Amino acid sequence: MTRLLDIRNASRRFGGVLAVNDVTAHVDEGELVGLIGPNGAGKTTLFNLISGFTPLSSGTVAFGGRPLAGLTTNQVARLGMSRTFQNLRVFPNMTVFDNVSVGAVGALPQGALGALFGGLSESGRQRSADISRRTWEALEAVGLTQVAGELAANLPYGQRKYLEIARALAMKPRFLILDEPAAGLNDTETRDLAAFIKRLHGQGLTVMLVEHDMTLVMGICQRILVLASGRKIADGTPDAIRNDPAVLEAYLGVDA
Amino acid sequence: MNVSDLTAPGQTPSGLTAPDRRRGWILPALVALAVFVALPAALAAFDRGYFYQIANLALIFVLLSASMHLVTGVAGLLHLGHAAFYGVGAYTAALMTSKLGLGFTVTLPASGLVAAAVAFLVALPTMRLVSIYFAVATLAIGQMLYLVMLNWVEFTKGPNGVIVTKGFELFGFGLSGRIAAYYTVAVVVTLCVVAIGRLSHSYYGNALRSIREDDQCADAMGVRTVRLKMEAFTLSAFFAGVAGALWAHMTGYISPGDFKFSESILILAMVVVGGLGSLPGAVIGALLLILLPEGLRGLGDFRNVMVGLVMFLSILLLPKGLLGEVSALGLVRRQFGAAWRRTAGGEGIGWR
Amino acid sequence: MIDPYYLQQLAIGLSLGMTYALMAIGFTLIFGVLNVVNFAHGEIYTLGAFAGLVVISATAPPVVAVIFAVLAAGALAGFSLERLAFKPFRRFTDEASLKSRAMRESTLLSSLAVSIVAREALELLFGSQMRSAPAEYLINTPVRVGPVILVTGDFIIFGVAAVMLVGLQYLLTRTRAGLAIRAVSNNPLGAKYVGIDTDRTIILTFVVGSMMGAAAGILMGLYYGAVFPAMGFVPGIKAFVAMVMGGLSSIPGAVICALILGVSESMATTFVSSGWSDMVAYGFLILTLVFFPNGLFGARRERV
């Protein structure tokens, strides 16, 4: 299997706090991986290091064999890494269609000249058609075509979740990171979401779930990384994780 | 499970009606008819220079308002120094005419390009500022450009202003008659507004809107946020510069007072009153704030108070403006049928 | 020995800086400390000056009465400004909307609109030309101090600015009202939950800040002997620059930066020409925003 994401000795220091401490981990092409850890374990920081949002203090992160040091967030995104946000960040004053089209136009940029004169050339028309097709495909994948003309702000919470996923899918990513996708969903909705994620994975997409709630992750992930206090404390199958004493201590020892 | 179960059964997408190809051309045709036939005919019938002047002024402010719509309405960058770029364009045209003897054919594009170049240079350091800090930086930049117009007397003639010796012409063919001048202004403004329409009603425009809505999120979607903000700022200065050239050649005399802070606020008020993010709104706002004070001339200097009052009341009572973005986008989509044609239910949503 | 000419320029710069500081103190209280974008402070300053002028030309009262009239006008203007341009936009009281960009920008626009209405209304009432108070009220009698010449106004302005600065620091750090202001500024929702009347606190801040703005306006009017409707714009910008340079929420920082600004401008006037001196402030503003987003003294503050 090809290695898609390769994190080596990654550390990030905020003042005196090591939020991520010497983490080495990887994700292979085609995997469905979970990243879990108790609150404050450094999941979000690690996520931000991967997506180029926060620079590394030391170590390296490579995506598809390419080191990400010095790349901006949008450059990393255009390499094929797309994400959703923990606290839903749809574009409220844009329609569902337009929201999703931003993911497509991010991956297939249309410049000012393209907007002005694109209609006059075959390649320009092709570009618009491609963006449009990608947008519709992503909307179809999450089942939101019926509300394509609605304002995103008017969608119910559950649909906004899928809207975010559609926007990320419209980039045709190689790697999709979902940040706490189950937050705020009830059990039924979580089950539907789990089935949906499995289906995406079944279509060949590499997916990483970042969660602090274990149930969703344990149910569908092939492999799970566990962070606690900035360190990676375990890395294995759900069964192995479930019985790992270090994980039990991190989750129960702190809470109990 | 099927995710589309989330959609309530029988729900139809709002704002989408069956495509009506014929109706799609009625509004643009009416606007074109008004601008190029009815209005000039009315002007010719009255044949008063003053009316021509008002018509030209209104058109120029339509262009200024539309250019500000691009940067403030679509890309969401609150711009408090727009009039300065209008001034840069006007001074470029005036000085090229008075010092180099060049005509409108050259000065029109040159004004746009010089204004855009200046905007690009000042945008380089300031583009990373956010929200009100960007707004204040544009205020400072606008005032600095104004001070240059006012104080660099050897070059700009300072407070005395510059007399523009040539009217409109095209490749040496004079267009300085009243009706010819009106048509020149109308054609240039229409072309520019159509171009701004293409920019804001496209996937490019969607990318700009995403920056306005949430720039960090747009960044994570692969949108090159800083570059696009610079482009929007520079393009909008280009169109403001073109408006400046029109103004310079139309009035024959410009002075720094035409480009001071209150003019920037007037343009901003037009965009706000019309509805931020809405191009038809920006056009309506400009017409309203230019023509209404003219209609109320009897009230004397009340005009300026009215600008503030109209702006305040529209922020308070019509937060979305006269023609808000959402309805404006729906309108544009229907009128121009800007759809990537699609079978099921999605007619009229995409951009061409 | 320094050339007395430069000492004189330095003195002029410092007194100019004091005039900016006078304006910057009230401005920073509303804009920086309360964290509310107020573009109409310059018009409060102008209103203060006109209120003083009207009272003086109507009844020629003692100075104390003028001061009270101006402070009352400032308080009223601040109260009305808050009710008109800010209150209607605090429609929702959840955390996100209180800190949202949309609310900041709509209050920026609404205060801008109110300031236009106020300025143009003054222009309709009084005309745009400069007016002056009777000579006996002016505070520009020259006073020689060693090698330099100052005017009485310099001492008055220095005294008033010092009183304002100390009084405000006392108010903010030693009184319950000040505690409430700081709490509302930090976390409006939290302040509400612990029982602070946020609405009243915000009004109080506007009233206090605007009284200071109005006092600054009449002092400047008497100092320069000129009162006109557009007089608030440039000092408003200068006060804003001083506030940004000082790190937004620090009143002493704003005062120090106002002095730096004044001295720099007077040097610019000496070496270049007076027309260009405003360029200094705008240049400082851009440089500070770009290179020192936390102000010159590095006070930490969330950038909004």
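To keep things simple, chains are lettered A, B and C as they appear, and every chain counts its residues starting from 1.
Convention: a contact is a pair of C-beta atoms (placed from the backbone, for glycine too) under 8 Å apart; a residue touches a chain by one contact, two chains touch by 3 or more.
Which protein is which chain? UniProt says A = ABC transporter ATP-binding protein; C = Branched-chain amino acid ABC transporter permease.
Keep in mind it's a predicted model, so treat the numbers as computed, not measured.
Compare each chain's C-alpha centroid with the centroid of every protein C-alpha atom shown, and the nearest one belongs to B. Chain centres were defined as the mean of their Cα atoms; on that basis the chain farthest from chain C turns out to be A. Averaging C-alpha coordinates per chain places the centre of chain B 34 Å away from that of chain C.
Taking each chain's centre as the mean of its C-alpha atoms, chain A lies 48 Å from chain C. Separation between the centroids of chain A and chain B, computed from CA atoms only, is 38 Å.
The residues of chain C never reach two or more other chains; the list is empty.
Within the complex formed with chain A, the chain B residues making contact are 1-7, 11-16, 195, 198-199, 202-207, 209-210, 213-214, 216-225, 231, 235, 277, 325-326, 329, 340, 342, 344-346, 348-352. On chain B, the positions that touch chain C within their shared complex are 78, 125-126, 128-133, 135-137, 139-141, 143-144, 147, 150-151, 261-262, 265, 268-269, 272, 301-302, 304-305, 307-309, 311-312, 315-316, 319. Considering their complex, residues 51, 53, 72-74, 77-78, 82-83, 85, 89, 91-95, 97-99, 101-107, 109-112, 114-116, 118-119, 125, 128-129, 131-133, 135-136, 142-151, 156, 158-159, 162, 167-168, 171, 191-192, 195-196 of chain A touch chain B.
Put simply, chain C touches chain B in their complex at residues 37, 84-85, 88, 101, 104-106, 108-110, 112-117, 120-121, 123-124, 233, 237, 240, 244, 273, 275-276, 278-279, 282-283, 285-286, 289-290, 293, 303-304.
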